[in-house]
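The following pair of complexes shares a single chain, subunit A, combined with subunit B in the former and subunit C in the latter.
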Partner chain A sequence: MPTLKIDGKEITVEKGTSVLQAALDHGIDIPHYCYHPSLNIAGSCRLCLVEIERMPKLVPSCATQAADGMVVTTNSEKVDDARKSILEFLLINHPLDCPICDKAGECKLQDYTFQYGSAHSRFVEDKRRRATKDLGGNILLYRNRCVLCTRCVRFYEDVVGEPYLTVEHRGYHSDISIFPGKELTHKMTGNIVEICPVGCLIDKDFLFHSRVWNLAKTKSICPGCSTGCNMDIEHKDNKIYRIRSRENMTVNRHWLCDYGRYLYHQYDEMDRFTTPLKRTSDKLNKSGWDEARSIIHDRLALLKRSKEIGKMAVVGSAFASNEENYLLYKVFHDELGCDKFFVHQPAIEGEDEVFKGGFTIHTDKSPNQNGANLILGKKTDFWRAIKKGQIDILIFFGKDLALTLSDQQKELLKKLDFIVVFDHTLNDLAQHANVALPVTYFAEQDGSYLNAGMRLQKFQAALTPPDQVLPGWQILLSIYKAFNEDVKMVTVSDIMNDMSRNIKKLNGISFFKIGDEGVQIK
Partner chain B sequence: MEEKYFLKNKDNPESKNIDFYVKNGGYKAWESVLEGKSPDEVIGEVKKSGLRGRGGAGFPAGMKWSFVPKDSDRPKYLICNADESEPGTFKDRYIIEREPHMMLEGIAIASFAINCHQAYIYIRGEFVYGAKVLDEAIAEAEARGCLGKNIMGTGYDLDIAVHRGAGAYICGEETGQIESLEGKRGWPRLKPPFPAVVGVFNSPTVVNNVETLANLPLIFNRGADYFAGIGPNAKNTGPKLYCVSGHVKRPGLYEFPLGKNLNELIYEDCGGIRDGHELKAVIPGGSSVPVLRPEEIDVSMDYDSLAAIGSMLGSAGAIVMDDTTCLVDSLLNLEQFYAHESCGQCTPCREGTMWMVKILSRIEKGQGRMEDMDLLDDVAKNINFRTICPLGDAAAMPAMSFIDKFRDEFEEHIKQGGCPIQKDKSIKVPNADA
Partner chain C sequence: MGVKNVTHKSRWIERFYIPAILSGLKITLKHMFQKKYTVQYPEEKWPVPPGHRGAIRLNKDEEGRVKCVACEMCATACPAKCISMEAGVAPWDDREKYPVWFKIDMLRCILCGMCEEACPEDAIQLTEIYDFSTYTRADLIWEKERLLKNYDITVDGKYFDRSREETGL
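For the complex of A and B:
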């Protein structure tokens, strides 16, 4: 563990840490472009040059390992002068098109120029001009804005393991280019827009949709698979504009796959029912919450602790939050005495996709199978129980946008006496419901998931749901309270705390303590 | 030293053949090393000889070899840098084409010193003839048992492969060369790690210039003390090839001990400046080093003396310019070269070299502004010492020195709104070998 001094501050770091990372970790800003903690070192932008005692030249702090007794200066006149000059070199050919650049507001060239650069240009020559290129997929390459940091090139080499981009030509004419015959349709592509420090790589999905400073950020977890990538939902006027990865070095480092990145469109566009529905003869008709609740309550009250309760099956979901699955258990097991619990999970086919840099896309396209299994047990095959005639009443918590049923399964549902469905859309199963309850999706509610690596992570509501749509946990909590006046839980946090008291593995963790990076469950 | 080493056979076309070479004592040094010396003794001998790298930087060769880790279980490689591309330099070409065995024998000795069994000659792509000569020379040497498997019955194997470059100046920089040899684009690497520790194919590698290696047979034939006795002092030893080009009466390749007086070289050996003209400037060591004014050329052409007056020996390629030369135009020409050859990897060199070209073009065309001189100087300073490899420094040093030493000429361009010099376009390039 070497101890070094940076700007007079004594810092002890892990062996192998770069001077740059050591500084950043301890609140000392060293501007940089080509350096990225999840990519190999290039050392080419030269912006992170610092002064180190006993070294004759300025050295790139990204490529210099912290060593015992090193004395580093990041704010001397010499360093300042170098920074200014590098920024000047990068700016001479950079268009001043910030007003129409998507990156404005989160652009490192803007930020560093403002902080360290010069307000005047000494460049009176013609600027280098290049046409914008469409790289296929969602990506546009604004070549004039490129600073040649090669982060995007190295991303495909180091993280994806399959080269797509390269630097073409030489010297002043160097230019990011795509290999012949390729298009940027790779499922990890969206990340290059995030790691581009300037507005060179632009996502068509977001292009000209909003200025970034007008967007609010809400921390969330990707529901797209069991990896549980950390992400920020960026939204405005109750609408999601884009989703960006949020750093979590133990889960997704800095990455997010395109499936997860653009998944919110599927929720945006789903054909959703927005009021509770009840069945009258063959049809599902609009109802209100009071009516829907009383239909369910009346039916359940009859069943409570009766023999018939044995004919009820409760199906939780790998798409539901831990709090929702937990309340299902509390209501139907603790209050009503039901003992047939199942977990709905998507069909899992093929193998997980592991990229060179370690990032994994799981074939399990649900975010919370581990959580659902931990709370409800590992049984999944409720269809067999229905087939055997063991089930009359089905409580089904869905939230699976891809859910479809076979004809045989549809026939089986017709045999049932009473079906309550919690879901977003009137899918094959919901269509057979006696009561269908509209529930919120991940971006509209708080909750927690337990990912494939048994990491408990929380997500928060970014959007306000439509008037009559409620979070699943709220509906369940109100049913719970109708049966048990002693229930004092009000928030998701209360449910989490109650759950971790009752489930040993959660070890008493509170919702608050989960923090932004999650907690590892043994 | 009247006795020539490199140029002793300059008039004999047989010099490239192994029969001729062996008849005149060739491969004796290699034999003596193989049969009687340990690698450490070889390194010690070379250190004692004072041999410094002839590629430009002048780093002590023996010391460079001693950086190769002995405990590494990876193979060691030697690369002979035959990518001679420095403007004004044409010394390695002579050795390659005329004394290939001198070079191969040197490669063999250096390989033995670092325990290398696979050496490469990275030769610039334009040297088509040179590559052919080397291929033939290697085949001859292998047939004679001087190279290849079980050399001279000692059990030592050495394979030498000729690798032709594709025409990039940057591939003469040792780490750019290593990348290129690996089949990648010639982007210089960050140092550390230095090639001696992590070089080609992730293994310890020594990169030595052709002329450096070609000195080795002399050291081992005549002894380190003999070699150390050539030249002005203990830090500047051995014979040296000097390339003189430009406005002298007899441009060409000359051999003298290190420390040849530049004034003498120009005015006696090269016959002085063309009749009717006066000396204006000399770049003493290939285009990358700071320029000298006429009053500065009474200097010993060795590493330390030139460094003491703010220039460098470099590749000892002296470019002589008389009064018909426009120095703005020459600098523009040089900077165009560096901008063209910049690999583009790091910011200052990629952007700065072309910026300098644009400013110089304006001045030369008569659109200069007084502040352009300071701007140019500042741009050069901002490149200097801030790049990954020395190409940035090589582009910056001429610019800074030209402005410093010939500011009046830049000013005249700006004031007059154009180039004041009647350029002589009639100069014919004589045959450098003659």
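For the complex of A and C:
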């Protein structure tokens, strides 16, 4: 473990760490463009030059390994001069179009110029102009703005493992270009917009939608598959504007696939019902929460008294949070004595997609299958139980936007006596419900998921749901409290604490302990 | 403190009153031939000095299109948070971004001129229009069209020469 001195600060790092990463890890900022912790070293931007004692020239700190006894200076006059010159070179052809650039506000060129560069330009000649290119998919290439850090090129080489972009020509004429006949429609493409340090690669999905400083960030977990990528929901006026990945080196590093990145559109555009619905004769009609709750409560109380609880099946969901599945178990098992628990999960086909950089897209398109299995047990085939006529009453927790039923399954549902559905939309199953309750989706509620690698991660509410739509756990908690007055739980955090007491594998875990990066469950 | 009683006994000529009336009429007559200060507001308007910070306008470029590029610098700089807009892809070839809608809540605006200072395109400016009161609150939430009209009636510096019909104010 080499120990080196950066700006007078003694730092001990792992062998093989670059000087730049060592400095960044210990709160010393060295400006850089081409360096990215998840990509190979290029050493092309020359902005991270530092002075190292007994080295004749300034050295790029990203490409220099930390060695024992090194004395590094990151803020000497020589280094400042070098940075200033590099920034001046970069700005020669960079347009002054910050007002119409989507990157403004989170742009590294803006930040570094402000911090290390010069306030004035000595360049009086005409700037080079290049036309903006559409790279296909969601990507626009503003060639004028490029600083040739080649992060995007290396992303496809190192992380995806399939080259799409390259640097064309040499020297002054260098230009980011796409290989002929290709379009940027790859599943991981959205990431290059995030890693581009300037506004060269722009996402059409976000183009001109909002200035970035107006967006609030909420930490969340992607519900798109069982990888459980960490992400930030960026929202304004109760609307999601974009989703960006959040660094978690054990789960998704810095990446997010396009399916997860644009998944929020599906939730935005879904045809959701926003009041509780009850069945009168053949139709589902609007109802209020009090009425819906009392219908369910009366029916369940009757069932409890008649001791026919064995006729009830409760289906939790791989799309629901752990707290929701846990409360399902609490209410229907501990309180009512039901023992038929199932988990609804999407059909899994094909194999997981693993990219060169280790990023995995799972074929299991539900975020919490492991959590649901841990809490409710690994039973999925409730259709067989219905077919056998063992079930009269079905409690179904859905939240699956892709849920469709076959005609045979629809026929089976008609046999049932009473169906309660928790869902967003009136899908094939909710159509058959006696009571359908509108629940919030991941961006509107707090909760936790257990991902495919058994990592427990929490997500937070970014949006306020419509008036009559409630989080699933709140609805279940109120049903629970109607049966048991001793229940003291109020928040999601209380449910998590209760869960950690009662489920062996989750012992000692609380929302606080999960933190931003999650905890590993054995 | 002692009290002093003062009595005035008018002379006969004073009690006649005619000279007093005539001296009053003399002053009136004098003013009739002097410079007049009355302004027939609102038909006529008192001009304000240059640099007056009145109602806001959105400027147009040479082709009559809105000059604004929807960068939201004004909205960011605004201390009263009265400016809102939505940016979109411009329908013109030579421009990329433009405001699809642009709204200023003049009920909130404090006429500080920060927007004008923040604007990188000289697209938003304060004008000499000072009388824009309305009968309803809704009328004081100005859309892009209204702000562009403010430009038309003030751009040549002849706002105070225009008739009420022309300015709509």
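In this section, the second predicted complex is superposed on the first by the 520 of 522 C-alpha atoms of A that agree within 3 Å, B and C clash if a C-alpha of one lies under 4 Å from a C-alpha of the other, contacts with A are read in each partner's own complex, and residues count from 1 in each chain.
Everything below uses one rule, namely that a residue touches a chain if its C-beta (ideal position, glycine included) is under 8 Å from a C-beta of that chain, and two chains touch if they have at least 3 such contacts.
Keep in mind the model is a prediction, meaning the values are calculated, not measured.
J.: Answer with first, second, both or neither: which of subunit B and subunit C does A:15 touch in the superposed model?
T.: neither
J.: Which one hits more subunit A residues, subunit B or subunit C?
T.: Subunit A has more residues touched by B than by the other partner.
J.: For A:100, decide between first (touching subunit B), second (touching subunit C), both and neither.
T.: Touch status of A:100: second partner only.
J.: When the two structures are overlaid on chain A, which partner does A:211 contact: first (subunit B), second (subunit C), both, or neither?
T.: In the superposition, A:211 contacts subunit C only.
J.: Per the contact definition in the header, classify A:356: touching subunit B only (first), subunit C only (second), both, or neither.
T.: Neither partner.
J.: For A:148 in the superposed arrangement: first (subunit B), second (subunit C), both or neither?
T.: It touches subunit B, and subunit C stays clear.
J.: Take the contacts of subunit A with subunit B and those with subunit C, and give the residues found in both.
T.: none
J.: Show which residues of subunit A lie in contact with subunit C when the two form their complex.
T.: Result: residues 98-100, 104, 207-211, 213-214 of subunit A touch subunit C.
J.: Where on subunit B is subunit A touching in the complex?
T.: Subunit B residues touching subunit A: 168, 185, 190, 339-355, 358-359, 362, 375, 382, 385-388.
J.: Of all residues in subunit C, which touch subunit A in the complex?
T.: Against subunit A, the touching part of subunit C is residues 69-73, 76, 87-89, 96-97, 120-121.
J.: Residues of subunit A touching subunit B in their complex?
T.: Contacts found on subunit A: 41-47, 49, 57-58, 60, 63, 82, 85-86, 88-90, 92-93, 122-123, 125-126, 147-148, 167, 169-174.
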